[in-house]
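Next up, some structures in structure tokens.
Look for subunit A in each of the two complexes below; its partner is subunit B in the first and subunit C in the second.
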Partner chain A sequence: MVSHVVSRVVRRVVPHVFPVPAMPADGPAMIRNRVLATLVALGVVGALAFGFVGFAPNRLLSGRPVALWDAVSAPVLWVVAAAWLALAAASLAPPGRGRDRLALVVGLGLVLALLAGAGEAATRLAATAPSPSARTSLGAGFWLMLFAAALAAVDALQRLAAGMALRALAILLVGAGALALAASGQLSELSLAKEYANRREVFLAELLRHVALVAGAVLVAVAVGVPLGLAAQRRPRTGGIVFGALNLLQTIPSIALFGLLIGPLSWLAAAVPALQDLGVRGIGATPALVALVLYSLLPVARNTQAGLASVSPAVVEAARGMGLTPGQILLGVEVPIALPVLISGLRIVTVQAIGLAVVAALIGAGGLGTFVFQGLGQNAVDLVLLGALATILLALAADLGFQFLLGLTRRSA
Partner chain B sequence: MPAGTTDRILPTAPAEGQRRAAVLASPLVWLALALVALVLFMPATEPLFRALFPELARPVYTRASFLALAVSHIGLVAASSLAAVVAGLAAGLFVTRRAGREFLPIVQAIAAIGQTFPPVAVLAISVPLIGYGAAPTLVALTLYGVLPILGNTIAGLETVSPAAREAARGMGFPPLRRLLEVELPLAAPVIMAGIRTSVIINIGTATVGSTVGALSLGSPIIEGLSGNNTAYVVQGAVVVGLLAIVTDLLFERLERRLTPGRR
Partner chain C sequence: MIELTRVTKRYGDKAVVDDLSLTVARGAFFVLVGPSGSGKSTTLKMINRLVGIDAGAIAVDGRNVRDMPAEALRRGMGYVIQSIGLFPHWTVADNIATVPRLLRWPEARVRARVAELIALLQLDAAEVARKYPHELSGGQQQRIGVARALAADPGIVLMDEPFGALDPITRDALQGEIARIHAATEKTIVFVTHDMDEALRLGTEIAILDQGRLVQCGSPADILRSPANDFVRTFVGGADFGLRLLGVTRVRDRLRPNGALAGPPVSPDASLKEALSLMIASRRDALPVRDGAGRSLGAVHLADLARA
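After this line comes the complex of A and B, so read on.
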């Protein structure tokens, strides 16, 4: 009823405020790819209105922005400008695979050129700096252009209706290019790289710890959640209660759940010395692992149940008719059909756990969150970025890995 | 999975006594009462925490009242969620209209990729850009909160059956009326599920927001963790856990009410 009134009012007002053009949908006839045109506009704003990098006398002060044309050498400037011009031209070109291929190659190349340019800017600024503690950090202009260039490549991949192979190739090329730039020392004057270089061994250890925490939690969640999902599928009433409880658990903020586990676990460790010998403590990895498992149970169990529910009864009946035992039916028929749904559950759980494990650093569990919270405490922005960016890249890599796996199981199914 | 398939079907007009019984039996009411009581009267729990943690000199968090913490926490979440709802709905509507349809795939990609970013990482990254305090928390909560709402707005509007659209068109509804009276009501449960996800995540991220200087129910937790005062941790965790659960149950009711044919 309210919507009716609203609609009447809006219908009266809107035509006066936003006169509807006679030919809506297509906009100016010259622009043939409005997504790309928007991204180019975003990139140009990023280049002109924001600092490409920030330059600070030391790691704790915030930097002053340095514009793209002051920061990089003429050749790099020309490459970046030419790339944006090529993308602008592609947005005006008539639809076609050639246009989209060009946009893909230029977008991917621009991502690497921006990275190389930022590294070069840091090297050049370091040469002019009065002290070696000067820092060059990535600026808002860099991030905006990187965002726009990457999305231009994504848009091209979508328009090309690219399959898994081409998408994987594009990601691998950019990843390999970025690694090659880092290995060549091109990026080593960037403050992010300096933060990394200062604590390379600790970083690798914490990264490993992060991965171990997530992998351990996901493994335990599978070991418990899959039978739980199976039981829920066979007994829907019990399943409803279990899922309801797990759902409530999922809503509890991570830091609260970590905190609530400290008391009971330290009591348990004090009461049962055998557990203490196993490394069970109120703080550290134990509460982190327990909480991550608790968060992961619901998606695993629910997707197991949903996957099994998607197996048609006729298929199960046919298998029974062929004389298969219930165990054979489960492993040979139901699980393979349910596998894609189960894997998408694992994908959700893994990405979620990578993020939640950051917070676990607050209860002494280590991991990449260590750098985030250390950096926040010391007001060391680049240390925060080191931890946060590493977490984001880890989450993206896990997500892509599972997507790839999902593609494989779908294809074989 | 359709929500509430196991619901009992209540008579349309339950008698007064029945209704009162239903209210009393609802866990939502009891949990909400417990939340309000803890927020208002936390200092009264001092004997309990003194007994549980005899080694602590000050077993109840007093740096700020739990009322102030809760108000600040709810304010952060409400303000950012409101902004996220406006932005997510607007963007979702734009890309599902004819004028914006070209942007649909890229916006879907942004929503999907963006949701793999850990919320805490988004919070951490906003500090270098904005500084410490409530502002980076608000920005991070809004940015991250948009994504589930945007994704579900698109999904909800895309699942409106062409037959329903066609029927509305056949009845001579202009586009705006089709949107407001047919498409949005049909998509409402899915959109509301997105808002629910977004708000619950934001309650959790606002808790961690106290590490970047925002006042929230996470403040006693963080202070308790750094000062080795488990009582503070428990107090903050119980209150924020209750807040999240009560909010989730409220949204569950709202969603059920929006689903056609279920009350």
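After this line comes the complex of A and C, so read on.
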């Protein structure tokens, strides 16, 4: 099931995308940066062996691949080729900040050039098309090159040992560039953009719903999970019971859990009409929220417990011995020391909930999953992509936000 | 003054402190010594109520500690724990300022006090104050732990093996500093150690514990000269017993009023151990004794050192 795969990918992959491990720089005498060389090879294969875009007479038929050189104008083709050449040259250059800076700038530029190129291809193909319902979708070649170019930039950031500020700047620049391209209409003939344009209002509403669902679930999970973690740390026997139960919950597959909640919640809503007025139903946001909270409890409680347990007993004894009250010890000493571990837990939980919330659309909770399932129903791949891409970007943004927070707490600790 | 009256603490069936009575006079440097597990830390923690007592009573300046709010009691006593326990998320200055801030001192006074303590413990102010504990050496951390306990100028300071894990040189320096601070401020210090030499060097009064019971209590000289039983004898004895004995006796107690001698002079307040060391180093069997003003008081002879 595509949605499941998407949610899995978001949960598993996203937290690892940023810290790509830097590989040892030694290699064959000529190739000084093996990672970059591999990425260049990947990009070149993408350009030569796969369609840059797909062109179909309408949105329901699958398109025929169009090669890069047939799809874009000569200037764009030259820019893309020159960028790959520059990256290839950088992979041969001796290690140094100049080389890595070049790779960073070219990698980021290439991401934008590919986007612009895809937009241009769509516009050119649309002009030759017999009917306005013809569609240009992003091809395997585009994705491979985009992936390789983005990773080349990430690799360069890694090698430059870039701080949070430079990383954020790189992401902001690409984001702003992509937004500027979209705003200028350059991308509007792409099928993805058309799917978006057809659902502009709904998209914003579903995005906000998605965010609200995730934020609500994380807040409730913190409100319940932090005290649970605290209790588990204070009384190990309680901890055994708490973690046993939460572990069990974690093993229930998400779709099954969503389904399992329909029955009890419908019954509850029928039995207590006051709850019904609050919006509690067997389907919709309530079971989705409950399920997301249940999945989030374990990491929140576990990290709270681990964070508090990491506070040395000597520190707590010193605090008591100096006359801090139990409340002052918890809030002034234990929580601040545990904070980095706590925030790491929130990071995991938030990224996980963003992915899981896609599945929640199945039980009528709305959110970005709506597009994924509509697209699946209509066999419209670009609609699925609209939902999936937005989910991935949302997860990346959340991940980045938490990394930033973590950086702040580390600096003061 | 701190008074423990027939204090007992049990964990399960075992009395880890058993019917213990002690009096710590105001201004004393009171050292608790004993083997591992003899109840030294437990005794210290009962004074500031980190550990409750099962029987008996503890009074500080005549007031039963149970009648005081625990936090107020602790804010009025310095406490140095063996494992230092500095707050890792606070700077050195903030660590030292803990109790003054709890007592809501005005910020200017807090800052002045922190600067004063950093100078007192010979930590270079500009360099150390803004650092975090993990950026300091073990010896510096121990000093900060002591500074933090002294911050609000408490009349009583409880120290649990404060110089436990230090190299001999740093340990020696810190012992010198704490002795100097005690002499200058007349604080009452209760100090736990299992190092007999540290106890003899610092203590004005030493209590020896074994299995939760008080075995002997007295001045260093009392304990060395008349050990109460075999346990004390083996605890204070060993190969260095004779040297320790010399260490607690002053030169003025072995003074011979005979004429001017050649050789390096020794102060009447120096220990016989120091005098012996000086004799051996200068290859003489007698040394002139002169006071701080340089007046000759007589001589100290090697033959007299072995006298009882």
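The definition used in the following text is that the second predicted complex is superposed on the first by the 386 of 413 C-alpha atoms of A that agree within 3 Å, B and C clash if a C-alpha of one lies under 4 Å from a C-alpha of the other, contacts with A are read in each partner's own complex, and residues count from 1 in each chain.
FYI, contacts are C-beta pairs under 8 Å (C-beta built on N, C-alpha and C of every residue); 3 or more make two chains touch, one makes a residue touch a chain.
Owing to the predicted nature of the structure, the values given are computational and were not obtained by experimental measurement.
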item: Subunit B versus subunit C as contact partner of A:G369, first or second or both or neither; value: first
item: Contacts of A:G177 with subunit B and subunit C, given as first, second, both or neither; value: neither
item: First (subunit B), second (subunit C), both or neither touched by A:P65; value: neither
item: Subunit B versus subunit C as contact partner of A:V315, first or second or both or neither; value: second
item: Broader residue contact with subunit A after superposition on the shared chain, subunit B or subunit C; value: B
item: Touching partner for A:G407 - first (subunit B), second (subunit C), both, neither; value: neither
item: Subunit B versus subunit C as contact partner of A:G323, first or second or both or neither; value: second
item: First (subunit B), second (subunit C), both or neither touched by A:P57; value: neither
item: First (subunit B), second (subunit C), both or neither touched by A:G284; value: neither
item: Common ground on subunit A, meaning residues reached by subunit C in one complex and by subunit B in the other; value: none
item: Partner subunit C, residues of subunit A touching it in the complex; value: 312, 314-325, 328, 333, 336-337, 412-413
item: In the complex, subunit B residues that touch subunit A; value: 1, 6, 98-99, 101-103, 105-106, 109-110, 113, 116-121, 124-125, 127-129, 132, 174, 176-177, 180-181, 184-185, 200, 203-204, 207-208, 211-212, 218, 221-222, 224-225, 230, 233-234, 236-238, 240-241, 244-245, 247-248
item: Residues on subunit A engaged by subunit B in the complex (per definition of touch); value: 3-4, 6-7, 10-11, 14, 24-25, 33-35, 38, 137, 140, 151, 154-155, 158, 240, 247-248, 251-257, 259-260, 262-263, 282, 302, 306, 351, 354-356, 358-359, 362-363, 369, 372-373, 375-376, 379, 381-382, 384-385, 387-389, 391-392, 395-396, 399
item: Residues of subunit C that touch subunit A when the two form their complex; value: 45, 48, 50, 70-75, 79, 81, 83-89, 98-99, 102, 132, 145, 148, 158
